[in-house]
Amino acid sequence: MAKLKWGMIGGGEGSQIGPAHRLGAQADGLFEFAAGALDHRPEEGRAYAQRLGVPADRAYGDWQEMLAGEKDRPDRIDLVTIATPNATHFEIAKAYLEAGFNVLCEKPMTMTVEEGEEIVRVARASGKICAVNYCYSAYPMVRQARAMVRAGEIGKVRLVVTNFSHGHHGDATDADNPRVRWRYDPAMAGVSGQFADCGIHALHMASFICDDEVATLSADMASTIPSRQLEDDAMVNFRMEGGTVGRLWTSSVAIGRQHGFDIQVFGETGGLRWASEHPNQLFYTPVGGRTQIIEKGEGGLHEDAMRLSRVAIAHPEGFPLAVANIYCDLADAIRGEPRDGLPNAADGVRSIAAVHAAVASARAEGAWQDARPPMFR
Amino acid sequence: MAKLKWGMIGGGEGSQIGPAHRLGAQADGLFEFAAGALDHRPEEGRAYAQRLGVPADRAYGDWQEMLAGEKDRPDRIDLVTIATPNATHFEIAKAYLEAGFNVLCEKPMTMTVEEGEEIVRVARASGKICAVNYCYSAYPMVRQARAMVRAGEIGKVRLVVTNFSHGHHGDATDADNPRVRWRYDPAMAGVSGQFADCGIHALHMASFICDDEVATLSADMASTIPSRQLEDDAMVNFRMEGGTVGRLWTSSVAIGRQHGFDIQVFGETGGLRWASEHPNQLFYTPVGGRTQIIEKGEGGLHEDAMRLSRVAIAHPEGFPLAVANIYCDLADAIRGEPRDGLPNAADGVRSIAAVHAAVASARAEGAWQDARPPMFR
Amino acid sequence: MAKLKWGMIGGGEGSQIGPAHRLGAQADGLFEFAAGALDHRPEEGRAYAQRLGVPADRAYGDWQEMLAGEKDRPDRIDLVTIATPNATHFEIAKAYLEAGFNVLCEKPMTMTVEEGEEIVRVARASGKICAVNYCYSAYPMVRQARAMVRAGEIGKVRLVVTNFSHGHHGDATDADNPRVRWRYDPAMAGVSGQFADCGIHALHMASFICDDEVATLSADMASTIPSRQLEDDAMVNFRMEGGTVGRLWTSSVAIGRQHGFDIQVFGETGGLRWASEHPNQLFYTPVGGRTQIIEKGEGGLHEDAMRLSRVAIAHPEGFPLAVANIYCDLADAIRGEPRDGLPNAADGVRSIAAVHAAVASARAEGAWQDARPPMFR
Amino acid sequence: MAKLKWGMIGGGEGSQIGPAHRLGAQADGLFEFAAGALDHRPEEGRAYAQRLGVPADRAYGDWQEMLAGEKDRPDRIDLVTIATPNATHFEIAKAYLEAGFNVLCEKPMTMTVEEGEEIVRVARASGKICAVNYCYSAYPMVRQARAMVRAGEIGKVRLVVTNFSHGHHGDATDADNPRVRWRYDPAMAGVSGQFADCGIHALHMASFICDDEVATLSADMASTIPSRQLEDDAMVNFRMEGGTVGRLWTSSVAIGRQHGFDIQVFGETGGLRWASEHPNQLFYTPVGGRTQIIEKGEGGLHEDAMRLSRVAIAHPEGFPLAVANIYCDLADAIRGEPRDGLPNAADGVRSIAAVHAAVASARAEGAWQDARPPMFR
């Protein structure tokens, strides 16, 4: 089976996200790195792409040049990954979708709800894939959790509790570090800091595992480092459309929590617990029974969990291979076998709507808000 | 040193709390079980007390009889523990304090804020001890956490996050079990279910470790088992008087969380983490540094942690000895060497005020409330 | 039910073991501290006993005086605990047994196999209880493990692996500290250092849970701190009478292992895992299935585990209450309801024989030895 | 930088090791899968290689054909991975080395010590790389441990204790499964079962982290499932050339240990602990101090640990990327920047010698043996 052709925009030298995508796309031999516009400085971007093996004629100076160069090639790229600064996602994703490319967009998909709805419409009209990189949802044991919920193994879900709280922005003496500061500057980050950065991963995860959507929410936000204009800590209570109660805490000043993304789902007949720091175990407790440790790779897992696991039980697989799983699902979808769990533009705009609703709630002292984009109300 | 004389009201045969108090009072040889009115059925109570070694003439039929019998004895009890149904705490505590007895009252101290304030006033007037059994605060590593905060070892506290969430009331088919049902019945439990039962332990712990008081709060409550009139799940956001942001989740339907009481405290220069399921370890992370595991019994602990530890490092001590530590502090206080951390009537009434404020907030869709009793505003 | 009368020899002021025994004997209200000869300095011992509440006429200067004072009293002690230096255990235990007292002896029961066999014979002849304080075997979850093995829940046991390895003697600069040094000095400790101190707890545990006896062994010992004459690290391979393969590692230089006592038992149809640092959980894996976490206090435990647990599931109980469980079993035995698991003089002499066999094996470069005392061959 | 060209022998469809090598070689974009002889059935192997993207003219029917086809190409492969049945490693590795190819050989490198020494000589004579896939040594935190030992951060190493014990062959009813049975059949597996399969990973790890070599050993082996001719459980005590005491337990009947590879290293001034089930943490305890958790990706790690980590702190990386790290080091070595830690033919033959010495010792009731190949004595 020939490799698919893949291009990337952004993810230049020194970025964190670039290597994660390159590894994700190439690890399983499914994609060939065929084109790239990797840097906002055209020459640096062209040179870096070539050092990474991209042919010279497909090492582009910017995304417009890449679009022009690729769109009429007979061997044009099958998928483009957008890993540029957040404020540029909308324009680029729209342009590539309209030109008939499949897209994987980094989160947040857009800055505003209106833009997000526009992407949904454009993607629908194009018939192309617009995926969003909620990569944590592609861990095998997260897929197992979702499959268990859908199979009714914990009964109707009453309650979901999720945290994405780390401490890596907890040092006030480092708050002016440009890598940290922009996240709390409305001019660059938009209306929200930590919730838009990490919280939406957790919110998507709650919807993903519960197989339901967030309907309403109430938020409490705080800038615990006073110089920050945007929140570095937030608590969001929510209700899902099916009635599930939700609780989400996100923080960047939780010193000692190195990663801190976890989720607990409680249903009528059982509970589930998963944490990204030890992603190969899922803890399951049937009501009135003992906690069982479900291991990635054990016999009898649900299909989705089995399929996305590469090595045998108790050989851990980590974050880069969760990203690779997104690419596995993309390859299947491009080849006409779409997988159910791939996060899409609708997921993307729901996140943006939740961010705006949370900010509105926090400003209104916790008043409950509709969390949904108008198109999904 | 002669043993102190101790009496108990409630805690009859088959109760859980009775054995915990008896072990707590007697484990370290500080108290002699001298008097008791253990059961609402007088004869059963007298017989049981005698089987437990209480002399026949001090095995009473009810608390009034015991008060009458003890108050004029030259060898009257030095301390009475009140472990009766919640609604009776006020009347009994008041009567014993007024008669000049030292009291240890189970939580919640009273049902209403007014009653709670009255107990504070009576205790002050009597000059006697009125302690409340927030026994988790007496674990050595909780005392260590408090001492570290007070010594400035994590800087000004920005954020405290605490959970007391278990799943033992998660079985809807068991919801009519009388041991479970009363907690969600306003006629017996008052205005709040899970928050009043477990949440106030966590709220006290937050105040205790942060050495600050809760000022305002906003709550979201849910009865995830629909037949319940009172909440089985609650999220409370709060602010402390010193500005610390607080987050508290409590649940009784969190299936798989066997105990589920934990606390995380994040300051300007470090973070702390403790969980009641493994109470002998305290996790400490200095900002920018590695997480360190502080062990009960290690060298160099703060005085309070050292003093309340009986056996060497890595010999675990558990819940019954945390209760015993409350009795150690009581013995010291009775003998004129009061310890700083012993939870008192002011702590008791603060909890009740917070419960009422949380219920008011939840009914007002999360509107923020003053969490303090009027006397402490 | 009247309290039983209890006396202690040794465990003077400042000792670690004294408070553990006093708490163990008194925590559950089963024993009254009625007599004591607590110190090798008669006056200090008498004064300390009285400070602890022992009546003046039963606060003795030494064990001989106590024996003389107690043996003809109508209210003589029901049980004596021997917590003196190891070399004196034999003489004292023998004298008290011959005088018709029940005995709880600290480990090691004696210094030589001959002495140990003599104690077994004397105990049999007297009809009295001679228990040895292998207190770890009284943790509820250890009793659960034993009961599961006996009920066939993991099938025939193939393999048992146990470690008791800590790092508290790992600091060479502290090796001359008298509290540490004597353990490696043959004049005080006998033929073995770490194996005789901690290893025999693990060896007893293996026999206890597997319900079988050690038959043969091969040992490798090392003094990793060269100034030591006795081993600070040992590995012992063994075979049980029923054919089970055994492996036991013990060390006092394993820096970072704070306690380090754990055991794993592997049978034909399942495996079990327990560790003293988190003693309230037992991990059980049926062959081909998932690991389950068995919690102290959960429903459906074996009787022995249920009986020796005081507070509800997930309220941890620790080391001092494991000691208290030994006293619970002793109280039952004294009252004529002997419990099956109480460690006795036969267990005591088996340990001594294993120590001597291990030293002989290590000196013979690992040659296999019969591990049993002659009387049990 | 152009990709290096890579070929594989073995690892056909359905094998576990094939995908691990392909991912390892391709994940970081360093190698192009250029040639393969993947199956002992020529046509299946050719077809599978082509499906994986190998050009038709380099999809070979067997290793001899591949050797003939590659050796004179100007664009011949830069590296060949040998992942065939163990008994064929020697012949293939020798032939490719003699033809001037760089080789990565699966473990065990050879079946006999003589063969192993021959490979060492041939590799030396060829000037080519002969690496052996002790991939666990390439986890970032294992490299960190080695670097800490070499930097003297735990002082002279006194003791190393390592286990590689799982339970996946613990089901006697599955013992005739061909995937399991061959490992205990001398005709296919050679002189040793579990020790040759897993134990040598642990033995290599001990040498690797301690930066020392195993000198002598004593072994106890057992076939706990009686139908097995080779051991399914072994304990090996050893001494390193520098005097370090070693203890290694390996088992395939340890039901409930899902992976079970861990190592503890104890020096004069500190201890280290690592486990493959949670490979992103390294536990470090300075003597007399607290245990610290060192996280993959944290600031200030040793160079080797930093270099082999792809994503930020607390984003776990797992087993497939440890294999990829071996390929990273190989790429550097091929390009003339050899890395110090890459396991080589000398490591390979040392393992074989240790296997034979352990079997000899077990047969001689634990008599100590020289563990080294003659060429390294």
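As written, the chains take the letters A, B, C and D, and residue 1 is the first residue of each chain.
As a working rule, a contact is a pair of C-beta atoms (placed from the backbone, for glycine too) under 8 Å apart; a residue touches a chain by one contact, two chains touch by 3 or more.
Predicted model only: the values in this text are computed from it and were never measured.
Novice: Check every other chain and keep only those touching both chain A and chain D; list them.
Specialist: Per touch definition, common to chain A and chain D: B, C.
Novice: Which chain lies the greatest distance away from chain C when centres are computed from Cα atoms alone?
Specialist: For chain C, the chain whose C-alpha mean is farthest off is A.
Novice: Between B-C, C-D or A-B, which repeats the contact pattern of A-D in over half of its pairs?
Specialist: Equivalent contacts to A-D are found in B-C.
Novice: Using mean C-alpha positions as chain centres, tell me how far chain A is from chain B in Å, no decimals.
Specialist: 42
Novice: Can you check how far apart chain B and chain D are, centre to centre, with Cα atoms defining each centre and the answer in Å?
Specialist: Going by mean C-alpha positions, chain B sits 55 Å from chain D.
Novice: At which residue positions does chain A touch at least two other chains?
Specialist: 258, 288, 291, 295
Novice: Give every residue of chain C touching chain B within the complex, in rising order.
Specialist: Contact set of chain C toward chain B: 1-3, 16, 19-20, 22-23, 26-29, 33, 51-53, 166, 168, 258-260, 276-280, 295, 310-321.
Novice: Looking at the complex, which residues from chain C come into contact with chain D?
Specialist: Spelled out, the residues of chain C in touch with chain D are 154, 158-159, 161, 165, 167, 170-172, 174, 218, 220, 222, 224-225, 233, 235, 237, 245, 247, 249, 251, 253-258, 264, 266-268, 270-273, 283-288, 291, 365-368.
Novice: What residues of chain B sit close enough to touch chain D in their complex?
Specialist: Its residues touching chain D are 288, 290-295, 298-299.
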